[in-house]
Structures are given as C-alpha cells and as structure tokens.
Amino acid sequence: MQLAHMTWPEVERYLEAHDGIIIPTGSTEQHGPMGLIGTDHLCPEAIAHAVARDDEVVIGPSITVGMAQHHLAFPGTISLRPATLISVIRDTVMSLSRHGFRHIYFLNGHGGNVPTVQAAFSEIYADSTHAASNLRGEGPPRCRLANWFTLPDVAALARELYGDAEGQHATPSEVSVTQFACPEHIKSAALPPSTLHSSFPTDADDFRRAYPDGRMGSDSSLATPDHGRRFVEVASRAVKADFARFCRT
Amino acid sequence: MQLAHMTWPEVERYLEAHDGIIIPTGSTEQHGPMGLIGTDHLCPEAIAHAVARDDEVVIGPSITVGMAQHHLAFPGTISLRPATLISVIRDTVMSLSRHGFRHIYFLNGHGGNVPTVQAAFSEIYADSTHAASNLRGEGPPRCRLANWFTLPDVAALARELYGDAEGQHATPSEVSVTQFACPEHIKSAALPPSTLHSSFPTDADDFRRAYPDGRMGSDSSLATPDHGRRFVEVASRAVKADFARFCRT
Amino acid sequence: MQLAHMTWPEVERYLEAHDGIIIPTGSTEQHGPMGLIGTDHLCPEAIAHAVARDDEVVIGPSITVGMAQHHLAFPGTISLRPATLISVIRDTVMSLSRHGFRHIYFLNGHGGNVPTVQAAFSEIYADSTHAASNLRGEGPPRCRLANWFTLPDVAALARELYGDAEGQHATPSEVSVTQFACPEHIKSAALPPSTLHSSFPTDADDFRRAYPDGRMGSDSSLATPDHGRRFVEVASRAVKADFARFCRT
Amino acid sequence: MQLAHMTWPEVERYLEAHDGIIIPTGSTEQHGPMGLIGTDHLCPEAIAHAVARDDEVVIGPSITVGMAQHHLAFPGTISLRPATLISVIRDTVMSLSRHGFRHIYFLNGHGGNVPTVQAAFSEIYADSTHAASNLRGEGPPRCRLANWFTLPDVAALARELYGDAEGQHATPSEVSVTQFACPEHIKSAALPPSTLHSSFPTDADDFRRAYPDGRMGSDSSLATPDHGRRFVEVASRAVKADFARFCRT
Amino acid sequence: MQLAHMTWPEVERYLEAHDGIIIPTGSTEQHGPMGLIGTDHLCPEAIAHAVARDDEVVIGPSITVGMAQHHLAFPGTISLRPATLISVIRDTVMSLSRHGFRHIYFLNGHGGNVPTVQAAFSEIYADSTHAASNLRGEGPPRCRLANWFTLPDVAALARELYGDAEGQHATPSEVSVTQFACPEHIKSAALPPSTLHSSFPTDADDFRRAYPDGRMGSDSSLATPDHGRRFVEVASRAVKADFARFCRT
Amino acid sequence: MQLAHMTWPEVERYLEAHDGIIIPTGSTEQHGPMGLIGTDHLCPEAIAHAVARDDEVVIGPSITVGMAQHHLAFPGTISLRPATLISVIRDTVMSLSRHGFRHIYFLNGHGGNVPTVQAAFSEIYADSTHAASNLRGEGPPRCRLANWFTLPDVAALARELYGDAEGQHATPSEVSVTQFACPEHIKSAALPPSTLHSSFPTDADDFRRAYPDGRMGSDSSLATPDHGRRFVEVASRAVKADFARFCRT
C-alpha cells in the first residue's frame, strides 16, 4: 500500500498490528547521456512497490530530491543542501512517530545521501537523548538506511552481469531497473569509455571536469529491461527480509 | 515531459528554447474518512501531466510533503516545519536557476503551503537583493505559486456542482480529481454533516477537536470520477494559459 | 494602555480579567516621494492607540521593521529576512504566552509581512503540535494577523475617496493616516502618474526598475489629514469589534 | 530627524553629506514596582531625540525588544533569543549598508543586550572577512554599541545623586529619564530595600527568586522628572561628541 | 609541527612550499571501565605527532569533542549536535582555505563522527557549487576523512592481536594506543564479557541498556603499552603515505 | 585531573562529592611575529593544570578554536563564527549538565570570545526560561566566564612588569606564560614599536591594515619564561579561589 492512496482510518487500522514503514529515498540528478534524471528514486520506488505487492507494508512518499550538489553542473539536477535534507528527514520521522510508527526504513537509491541521512538519524536520536527526564520513557523511533544497490545479492548480480563495467554512477544495474519500471522512457546514446578516478570530486565544476558526460566508470549501455526485472526481484526479496528483521528490533 | 524521465542532454536541449518549469506542490495529510492522504499532491500532479501531454513543458519532481502541522493528530499525516519547507523551495529554485531555468511555477494543491512558499520566495529574492553589487546583473529567477483550486474556472465549477458542500478540506472537488486520477483507490465512508467554524484551529489537537473526522465543512461523498475528469480539463486549460503568461514576464 | 508605559504589577492585574494584546506590525520602507518611511507602522500605531483610548486593551511594542527586501533599492528602507521576522514573532508570542496572554493580535500595516507572519504562526503552532504528550494540555496561544487596510469598511472608504488612484503602495489612504497622526511631517512632491504592472517584482533592483519613484499605481497627493482622521475612526471601530470577537474564540 | 518621518529622497540627500545613523536600542522588560516596562528603550529614545534636535543626524527605528530572558518571570516582559537579536542587528546593518550608511551607532539602554549585540557585530564583520576576495574592497560598515548609562558624565551624575541606591536595575537614573520623557506615566509604589547579590541569576525563575519585586539593589523612588531632565542633557551632550568622533573613524 | 606552536610568519613560510594540514579529530566519550574518556582524540593525536616527527607537516588543533550523543548516558561524555559539528568543520576549513591551505586531512578516531563530517564536506563543497559564477575559479579546498583504525595495516594488526575481542568500542587497540601515549594514565578494571548486538542503539538510554558498562563486544584488558607503540608505528607510516597521496590530488 | 584521562566510573565518583568543572577556553590565532598561534588556549591550559595539580577538580577538554575572525588575514588563524561558538558552548553545557555538573567554569584566554560566550550562556538560560512548567524544577547549570588576564592580581603583575608595553594583543604576559609552558617553542623576532589605535578594527583586512604585524600596542619581546612562571602561580591561586566561590553559589 502506498500511504498516498490510503485514508487516515486505514492507517489507524494498519497501526494496530504494525509499526513499520518504508520510505523510498533518492535523488533528482543527471545519470549520464542515457540514464534518467529520476533514476535514484525510480529504482527504490520500483523495489518498494514490489515488496508491497506481496506484503502488508505501507510505502511512504518518496524523497525524490536528495543531496546531489556534485551533479549540479549538469542541467536537470536538483539538490538539497545537507542541512535541508537533515531537516526533511527529521520532520518526516517526527511526524510518523507521533502516529505510532516505530520503525522507519529508508530504502535508498543514491550513495550521496548516505552521510547526510545518517547525520539526520543522529539529530533525531540526540533530540531524544537531550529530552528532559520525564519525556524519556519511550525513546525515539528506530531508523534504518538501506541502499538497494549494496544489498549482497544485488551486488553479486551486478558483478556477474557487468563486472567492472558496473562503475559507480549511471550504472547498468540502475539503468536496467528504470528500463524495466518505465519501459516508455528507454534512451540510447553513444557512450565512450568512462574511467574511474581514484579520488572523489569536490564541487560541481570539479565533478564535471573529472566526468565530462556524467558517468563514473560505468557502461550504461549494457542495461536491459530484463536485467531490471531480475534486479527488482532480487532486491525486493532482500528488502522484505531485511525490513522484517528490522521491525523485530 | 517529467524531468525524472529525461536525460541531462534532453534538459539541455529544452533550455535552448524554454526557461520554465512546473513543480506540483502538495501535502501528505489526512483528507477525512474517504479522501486519500496524498490528495493534495495527486491533484496538481494530475493537472500538470495533463498540461504536459499537450504542451512542451517540463514537470519537475513533486513536493509531496508540505506544511500540514495542523493535521498531525490524524494518522498518516507528514508535515515539514515551515523553516524546512522554505529551505526545500530555496534549494530547488537555486538548483534550477543554475541551469538556466528562469520561471519556476509551483502548482499548488494545499492551502496550508501558501504563506510558507511565499515566504520562501521572499528569502530567495532577498538573497539576490543582498548580493554584492557585481553579482546583481541577472537577478533571481521569477517564482510563482498558483493554487489549482482557486483558479476562477475551477472555483466556478466547484460552486456549480457542490455549492456550500464544497467546504474547505477534503472537498468533493479534490476527491473527484483523485478518483479520476486513481480509479483503483476510490473509497467510501458514512459521512455525518461537517460544520465550518469561523476561526481556523491552531495546533493539531485543536484541529481535531474542531473537526473530529478531518473534513472542514465538506461533503466528500459528492465526488465522482467524472467530475474529476472535468476538473482536470478545466484546470489544465487554465494552468496552461497562466503558465504561458508567466513565462513571458 | 501601551505596555511600555505600564509596570509589571499593572500587567499582572490586567491579566486577571483579560488575555488579549494588540501588536502594531509594520515596516520601515520607502513610500514614494512624499510618503513617510515609517508609514507602515505609523498607521497601525495610530489605529491601535485610538482603540486603546476607549477600551481597556494593552498595546504591545510595535514591530517597526518587517519584511521589505523588495524596497531595499530606495535609501532608508530596512528589512528583516523572512527567517528573522519569523523568529521575532515567535519569541514575542512565546514571551507573552508565558505570562498568560492567550490572544495575540497583530494589527498589520504592510502587505509584504503577511506570508512571513502567517508562516511564523505555523511555526508556533507546530511547536505545540510536536510537544511531548504531557505538555499538550494548554495548547498554544491563538494568533491573528489583521491588515487595517483590508478591513471592509476601510477598503470601502478608500474606494469611495480615491477609486483606482488608491493603488497598492504609498496609497493616499495610508499617507492620509500619517498626515493625521504626524501633522508636523506632511510632505509634498511632484508626482507623475504611476502605472501598476500585472506581475509583482522579485528583488530590490527589479522593483525599482518597475516602479522608479517607489509608488505602485497610487496618487499619494490625494491624501489629506482629514481623510486620515476618517480612516482612523473607521479602522479603529472595526478593529475593536474584530479584536473583541477574536478574544472570545 | 527620525528616519520614520523622512521620505526616501530626503534620506538620499542626507547621505550625500553624512553616513552615520543612531539606533536607540533597548528592551521591553519589568523595571520593578514603579519603573515602566519600556524604560530601556524610552531612555535612549529620549536621549537620541535630544541629540537630533540640535544636530543633523538621522535616528533609526528603535529596537524596543532585546535580550531579556532573565526577566520573563515578570508579566509584560518580552524577550528575543540571542540568536534572534543577532539576526535583527545583522539585517538592520546590511539594509543600511546597502544605502551608503557606514557608521551605525546603537545607543543602548539595556545591559543585557551588550554581549549579544557585540556578537552580532562579529557576525557582520565575519561576513566581510569571509567574503570572496573580489568583494572585499569596501569592507563592512563600522558598528558601535554605546550604553548611555555608562557614559562617564552620566555615571558620575548618578553616583552624585543616588550613591549606592542607584543599584543595577530599575535604577533611579533610568526611572528619572522616563519620568521626564513621559510625565503622564509617573508611578509610585511602596519599595522595601533591595539587596544586590554577588552573582548574577541564571534563568527567569532564578532571577525572580533572587529579586522578588524585580529591582536589583536600587531605590527607584529617588527618581524625579527634574533629575531626568539633567540626565538627558548630560547624556545627549556626551552622545553627540561620541557619535561625532565615531563618524570620523 | 603543531600549528599551536608556530608563529604566523612560520605558517606563511610553510605555505610557500606546502598546502596540506592534518587535523586530529576525535571525541570526548566514555570508553568502558578502563578506557580513557579522551581515547578518540588521544589516538589520532599520538599518530599525527608521530607523522609530524619525521615529516614537514603542520598538525592543526584537535577536534576533541565530536558527535557522541549515544554515549551521553555515561558521565563524562560531551557531544556536539551533528549540526554543530558541521559548523565547526566548515568554519575550520573556510579559515584554513583563506590562508592557502588546499588539502585538509581529518585524521579521525571516532566512528560516530564519520557521517557528520562527510555531510560537512558536502556543505563546504555545496557553498562552492552555488557560488556566483565569477567566484568559481579556484573551487573549494579538498577535504579528506581518514579513520586511523580502518587503515588496512592497522586493522590487520588488531585482528592478529585480538581477533573478535577487538570489538567495536573501547577496543584493545585504541586502549593500547592511549597506554603508550599516556603511560601515567593506565587503568584496570574487572571486565565481564561484552557481547555485540546486531543492531546499533538509537539514543543514549538505548545504548546504555544494550551495553551496560560502555564496551561494545571488546576486551579492553588485552591492551598493552607495547601494542600501542606498534599501532602508532603502523598507523603513522600508513597516514604519511596516504596524506602524501592526498596532497598530490 | 583532566577529563580526557579519566574513565567514566571515575567521573561518576567525582560527581558524588563535586559538581564543578573548569574548561580552558581560547583561540587559535596569530600572536604577532614571536607569539605562538596557540597562545590563547595554551595559557588557560597551563593555569588550569596548575589548579588541578593541587586541588581535586576536573579540567574538561579545551576549546582551542574561538571567535577570531578579525585575525584571519594572518596565516594560521582559525575562527569559529559566533553562531558556531554559541552552539559549541551550548552543546558542551547540555552534555555536562546531563551527568550532574552544575557549575561550568570557562577559564578564558581570548578577549574576542567574551561577548559570544556570554551570549551562549543567555541561550542556555533562555532554554530553561522557556521550558514547559513541569520541567522547570532544577533550572540550568550555572556558567561563568573568567578571563585569566583580567584577574586583579594578574593585571597588577602585568602592569608592574611591563606598564604600557603590555598592550592588548600578543602581550608580554601571555607570551611569558607560553614560554614557561612550552620552553621548547620560544621564538624571537625583531619588533618595531606597535601603536594602539583608539577604535577597534572591524574585519580581518581592517585589522591587518591597522596592525601590520599582528601585535596591538605590545612589546612581546619583554616576555621571559620566569615571568611566565610567576603569572601561572598568581593566576592559578586566583582561579582556585574564584572557582571555589563560584561552586558555592
């Protein structure tokens, strides 16, 4: 179930038996000449919906814009400042916590979000740590950030299908997932080889100098919709198990 | 075109001839016993996509969570603090502005967003006003907030169809739009009459005391998918004209 | 009574029978060639003092500097950033609330303040909404923003006296009020016709380009001190009634 | 001249020959059983207006609410958070600086403002220190905080008239100034002796425990309007000289 | 060389030939019954000083307090909020950057700092990304966060000496380093076995419930000063190489 | 005892009988051609350790970087923004307060920190003042800022040894203390006379124009290690007495 498609009495009933929610978390940023700008949220959305198809679990509204300042030299990228993203995560968790959600699972599609989202969790927990003594009984809800692309089975499949051509950005695995999820938006482009550098760029201009077409060592052209289907299957199975484990902590 | 489904070279080409973008802006909040929690972003999304079907215009990622603190006593509502929403708007506009977008059009579905989004525009313009003199040449991009439900033709249709039963929240007009846009998520519920109070509630508990099932003077049960189709037609036509005018300023 | 002229035991006694306060809220900004820079706070001050002459009501310290970034290309304008004004409102309300004031009425003279002050109210209410459950008993104080120039009787009088020459900034109605309130500071200037544009300017330079002498479609020279007297009478009567109603909510 | 009573062309002319401004800076806080809540801004206002009567100098809008958290256990006190007051000072200076004011003189009536206002100056100067190299030519405007009550001649007069009974808050000297400036608001009250403690209180409750009627070691009842006249004369002479010196730096 | 022990002309000379600096970064937090509260900054300080003994490199002032909210249920722990630590890092980098430092190397001793420091780097880079076009020439300085305890040779030595008894907090390896660096502060305590949990605690109370004496699966009693000497040797060699590589990027 | 060298059970035992802590507070900033960049924290550290040698008192981690924006035109200076330093102080006090520390004594070596640290105390106390009524029982911990160089006995010794040559920055007294504390880092330089200006500089460039080698009216070359020994003795005796008095309030 998507939260957006429920009524509040339906949420109230869900909370009688559950206290977990999955929030697809991504970015709106360039993904090279043939990757979609929405790739990083389209992927966790596709996986989350596959999870929700079989299981009774609520999928919250996607965080579609994340921390992507290093991609801003490419048109179409939108980025939140880290401080802004921290506030977005914090307000989201505080809102859900008020209703009784106690396990908030951010299914992430963008590596650049990781430090900021983890810092946001620390802000939330610090709020609780510093709360006056008579407010401390319940503690904060438990938060978890899980990257779909680093789940062991997903990483193994990517390695098997693409080896080093997976690269680090605009990867064939994520492009495959969007080709499967949005078959009407499959693009093609001539792709010269892209070489990975040993150090990560700093600001947007530095990134574009290092990676002129936006890919980071990946051959996006290896993507196929059928690979995408396989990634979604593997990832949604892994997320289901991981989310269930998480909700029991 | 949705920005999420484009590549960065496609955005680059779009910007050679255009500099406008529409951003559906809404909320994730209770809409009474039969209204969807996503109503306030589902409506502007449906209208924006209708606009984009006919016209060459880019639709940016929706702002699905807005300022809805007064609805937080109902499960499922998620709200950003005003300060957070101001930062989200500001970061979004600054990102788009870097690429050459000069007309940012927020198509809004939630009255509660209005003051905060307007304050955000003032923050953005103030950044420009206070910029050092040699940076002032270009000025800030122009921003506009347009509520689909207060467009004259839309308001007239709502009055014609529902009269006073339109109310102010969980209105039959917005419920109609979601029934048209999401026919698989049509809900029903027994609805006692809801009476409007003369003063607006303050915090979440005050709101729930005043409006126990979440509606504000509306009879959501008058909604039909066909009404929704008519609202989308009327609204998308009006938005197209308004957006075109705005892009010429 | 002005709060500034009371002692704390006098405030304590007032609070035994009342819990309302009026705070004149304005701006320090250019008002064209003959309007005073203080116009936007001088007007609500004059009206509030007329209210307090007849009624037992406390008038708090004026907010004399508001959100006026778009006027900063004219010498003498002082503007708070929206975020600053939000903090000023919030700190003011929190202070008054600690003493038992439960109805805080901002009598506003500057249209540019409206979104920011409304956003400030939402921040205050959100503080209460997010407060831990055992703190929620009392709820936040109730806040109201009332523009003296949009009170129905005031707007009718302006229409009657000036028609379209009222314009939107440096209006003859507000200039009249300051001529009545500050008879020793009546100015005159040659005023060419000023034409209103359909879209509101963005930053300070954009404003000055659009409205070179600072007026927005108004003929300030129609102002007279006697008109000012009439506006203060009409407005203070309306504010008295509105404030009394508000204190009963 | 008060800025509030000028037009923008008048300010423009003033700036052709001057670049200084005086901003009365105070507080809205309890001043014991017979001192006015507005004392701390009424005093610098009275002195600034005396300066402006003789000299060509612009007096900006008063900062009537300052940092007074420790007085909040007494009804009527309004306090800004230090962070808010820093923003207010910064926005004020940035606005004035844009027009060509280069010497901003805060004439202060409240000791509790001192650290925060000084920290605000450092924030303003730090903005300039961190500005990119090509923006650094002009540097920030010069700011000065001057307490009227610590001017040597004023302090000497207070010592002469009251000795130790001057105390530290609700002092007879400041009460005298308000009696001279607002003769229609002279109050009286039975005043038991007030004893100064060696350490300054922390929060509002701690303050009220230490100083139950709000005075700090002062005998406010020694105040007379004629003393007030003398304080205003002495202080305005000293401020004139100090401001002139400051404007030459 | 420690920056604290240099004069500014010495720094000026150093910058003629170098542009790198190492900043030991740690925490002030409980480290179990026998680990020192300063462990997390004492370790990177000891290693940095070993590096500086042989090489010409400037060691900046340690960041001794980091993000340690989860340890606050144990007396002696001091923690910065994530937002505060972000500001500290940003101000530090901006200051050093003004002088010509272009490679800022944070040698970190506390895992809990990692996300926040990485988010701080993104804030710094985003400042540059969003800078107006004519300021973009130079770009931001390059920042790097290196954990001494995850350097491959260090981790290998810890595995060899302690296997699983290394644990995750109050580890014998870090205790060894402090015993070597501060031989006069070697403590002992009876240590029951400590078991690692699969999920990381949330707030301070949750942490103390999970790990009652503060250790996380470690046997601190295996530490010896001689181990400490070996860790410092291995780590300083690795840091030297890593820092040199970094300064060439 | 340094907090860094204690274990948490040792802190727990200390808190059974004491509730005070001394935090050396300084800066990392140029101190002229022969003064050390760390002077302002090295001095209070040396004095605090002398206090702790004789008395049972815990010395917290030094704040080595303070508010020094005006020194940033000299290489090696690192400065926190005032807002950042306020947050650092606040987080430190909140952390210590959670464990039962009720008297937090900042032993300061840098005049530039004073307003900001005092503003930080007001922020901390305001948190308590605004806390909901049922949280107000205990009140905030008591904070004190003491400058070692303005202690009467210290100032008298400086006057006796150096007269006017003490100056205001890079003074022979502080240089003496660092020569005593760090005998291996004694520097020398040819020092032309340095003249004090009557007004304090604004930003970093203004400071360097006014004081080209960084000293402010001081003759640092009068410093000797033996003077340093005497200053530490005099200061530590005075701090001991002052801290004891403070802990009894």
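For reference, chains read A, B, C, D, E and F in written order, and residue numbers begin at 1 within each chain.
Here is the rule we go by: a contact is a pair of C-beta atoms (placed from the backbone, for glycine too) under 8 Å apart; a residue touches a chain by one contact, two chains touch by 3 or more.
Because the structure is a prediction, the values reported are computed rather than measured.
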Inset, instruction - Could you check if the interface between copies chain D and chain F is built from the same residues on both sides, meaning over half shared, or from different ones? - result: same
Inset, instruction - Return the chain whose centre of C-alpha atoms lies at maximal distance from the corresponding centre of chain B. - result: F
Inset, instruction - Please indicate which chain is farthest from chain E, where distance is taken between mean Cα coordinates of the chains. - result: C
Inset, instruction - Go ahead and note the Å separation of the Cα centroids belonging to chain B and chain D. - result: 46
Legend entry - Inter-chain centre distance, chain A versus chain E - centres from mean C-alpha coordinates, in Å: 29
Legend entry - Centroid distance [mean C-alpha coordinates] between chain D and chain C, Å: 24
Legend entry - Per-residue multi-chain contacts in chain C, two or more chains: 72, 79, 81, 83, 98, 130, 134
Legend entry - chain B - residues contacting chain A, complex: 2-12, 15, 28, 30-38, 41-42, 60-62, 64-65, 72, 74-81, 83-84, 87-88, 90-92, 95-96, 98-100, 182, 185, 187, 189, 214
Legend entry - Contact set on chain C toward chain B in their complex: 67, 69-70, 72-73, 79, 81-83, 86, 112, 114-120, 122-123, 125-126, 128-130, 136, 139-140, 142-143, 198-199, 202-206, 246, 249
